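Each of the next two complexes has chain A plus one other chain: chain B in the first, chain C in the second.
For the complex of A and B:
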């Protein structure tokens, strides 16, 4: 068993409005000199450390936790799960 | 008639709700702490507003896993009237007792202001004394009050008459101006505005009678007022 760092990123599904991302884009970034930026989406990240047998199991266990405990709301959000060595 | 007001860590409208139910409408009311079983003798349950668990992760989601919610689900199946106000509404959607989700307001602001609701379903235990489309002046106080459902669910809600209250104008960007919904059976109702802040003329600069009908509907439904 080894410790893994697992990053869970929760963000809105496409089509769900993200007013914070829009404000950062329109009222901060595009008012500066960075006209090449076309999109900014906000997200929430949870950082887990989990003791598991391998990376794949660490990923699936965290996915299971997210689903069972509604860490994200599947109606409006998606999660991406990235696993790293500690 | 016995009404339980569930108290979670971070609830802050529980005492207002208790006061209104007991002092204004003369019901027997008891507080129900979230990690204790729900008392067996309750005729109705209210989940009050507040910031359970500091809105951490997402408003209502942590409270939705409280032990008492399992009991709330059981009595919901039996048809006992359940009202969730503001954070109580958020807890009901996060626990799956009501459809949809409550997102941050479009403005990203905490909104604390008077709004007008329109009654769209007058068949629930909390709306049976209203005329259809009756207007209710009532305050909101929330940061995550934008009710959202996907298009398919919205069609289902309309088909099943589950939209209970709508705002009379765009308030926070909610789907179809929805301010409150019920479950398919109609006994579980959730709403973002605060009726407990609107039923007394001393603190309502508009008309306190429409909000009172929410509680009078419950009394009418139960057929008793003690």
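For the complex of A and C:
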């Protein structure tokens, strides 16, 4: 068993509006000199450290935790899970 | 798509050709139950909708009442049940947003919100708890961001809402009569879409499902953006002040399809529009998607060329987008184009007026034996029963809920949540009292009497603040209307409400019907929710603290009516029995007497007797005033009954009046004048809630202990259980 760092990124599904991201883009970034920025999306990230046999199991365990505990609402959001060695 | 085959045939016959795909989508949205009221419309006509204070104007989404001195109050109620059951936070929040725009579209400023929330059994069901917690947060976040106070509401839990959420939102608006939008349009006027961009969220929400479009189930998901809503409110009100708006409609269920066809139909005009002119969130949206998207925070406005420039300036100032999407024609057609290509061209009359149904109804079988009462073993310890009831989710204090809502912003709130009804100060020196009430437990046992009971309870609550009821909002929520038994319960409730409204001259100023409320376990219990608006010409009841030595009078008879009571359902787990019925003449008499007593300032407080019965209502007085009481059950007016019936029966038309003894004489003069049934049943003092029956103590409960349980149990249940 090895420790893995698992990053869970929760963000709105594509096509679902993201008022926070849009506000940061329009009212902060584009108000400055950064006209080359075209999109900002907000997301929430959870960082796990988990003791598992391998990377793949670490990922599926975390996915299971997120689903079972309703850490995100699958109707609204998607999660992406990245696993790193500690 | 929800269009049924015979409806498709009907459409083909009416237009004399095959409909285009866009036309099909428009019709499916507009002929859905949600938009067309096809099952209920025929029957809703029975409700009285006119009155001396009611102002009717074509195309209004909300009811308008004249409150004198050139001012009007607007009111509307909406639900967001399906979206809230899927995504409670966003569903509840966007429900608030939708009803606010209905108020705005009459040209009035939204000044208050009320919420009725219903969920499954949160004591056992984790999912119900999750729905409840998030719906409350959604409402709080949205209302608080907008600076509109949430001044009242109700919360109830019942197993019939397992895996479901009932979120009803009522909104109140206020403004000058001269500023009301007089919906009108002339040829060549422009059609403008203002506010948030049109995206793929909420597509097909009003039809629940859609097969030809992407069906990722995101249909039900709507993301709230209260900050855009706030900007829309301010921009619209400024445009209203400058008289830039000819006609206006909020975009709700059915999106552009509904807003365009209904506006055109109401104003007797045609509208030609181009989907390419609509500002969208994504570049690759199909025209059909644009037409039926239910993206939030959008308004449709009709104005002319000259005023457009000023309107655009205002939008620029508030940094909200507005696009000219079309213009007014006089062919009474809804003509939708994509660039130069026509993609839909339908007579608005056909789109906006679905064929109304006359559904069969049949008395439900379950009602045959429901009024029979089981016999229960006599309970020995009523103090324990009381503690159980005070901790039960339906009776426990809802401070955890309304404590999250800003209920004072706008500084109009004179009587705050936690009392019978809330009271708002109006600019003309008058006061508006409002309350919403529902009671599915009683409506299940007797749909007619239960609905009347909700209506009377809401009236009682506003009367308790010194207000005379002037208008009613009805929100009729039932299961699948195609089931004759369910449709029967709908009709019975509606008839009951009609009878009460006529007898008391309270016009129905707005409402909503929500059908197909089904959970995996079957249909919900009949859930009409009634809102009542009351007007106080002089000043509202000034609630004073009860002191030792003050006494208590009860007005109204206590009857053997435990059906649907919390005592039967929570303590005995029994659904059945005789539900309370309202005696119209007694109800009227009691209301008049209470109003006169309040007007003469003879009392310290007036409290309505409802959920949990007399024992709970008196305990609430003790707990909120932190004082004990000594009550004799044999003094309670009504026929001779067992103690549990007197304590917990939820009979209507009862008021608890607390007063200083020096006012007794004057009080009695009024009570005798109206010949109401009343009695002095006890006095306040010491530190325990103490009830006796034939001089023997039957309840002895420390006020502190009771208060602690009543005040904290709901919060404990949600956060720590």
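Here is the rule we use: the second predicted complex is superposed on the first by the 86 of 86 C-alpha atoms of A that agree within 3 Å, B and C clash if a C-alpha of one lies under 4 Å from a C-alpha of the other, contacts with A are read in each partner's own complex, and residues count from 1 in each chain.
Here, a residue touches a chain if its C-beta (ideal position, glycine included) is under 8 Å from a C-beta of that chain, and two chains touch if they have at least 3 such contacts.
These numbers come from a predicted model, not from an experiment.
Participant: Just chain B (first), just chain C (second), both, or neither: which does A:19 touch?
Facilitator: Touch partners of A:19: chain B and chain C.
Participant: A:82 contacts which: chain B (first), chain C (second), both, neither?
Facilitator: neither
Participant: Would you sort A:71 into first (chain B), second (chain C), both or neither based on which partner it touches?
Facilitator: A:71 sits against chain B, while chain C stays out of touch.
Participant: Mind sorting out which residues of chain A both chain B and chain C touch, each in its own complex?
Facilitator: In chain A, residues 16-17, 19, 23, 70, 73, 75-76 are touched by chain B and also by chain C.
Participant: Help me check something: in the complex, which residues belonging to chain B touch chain A?
Facilitator: Where chain B meets chain A, its residues are 57-58, 61, 64-65, 94, 100-101, 103-104, 106-108, 148-150, 153, 173.
Participant: List the residues on chain A that touch chain C in their complex, please.
Facilitator: Touching chain C: residues 12-13, 15-19, 23, 70, 73, 75-76 of chain A.
Participant: Which stretch or stretches of chain C touch chain A in the complex?
Facilitator: Where chain C meets chain A, its residues are 86-87, 89-90, 130, 196-197, 199-201, 216-218, 220-221, 223-225, 227-228, 281-282, 295.
Participant: Which bits of chain A are touching chain B when the two form their complex?
Facilitator: 16-17, 19-20, 23, 69-71, 73, 75-76
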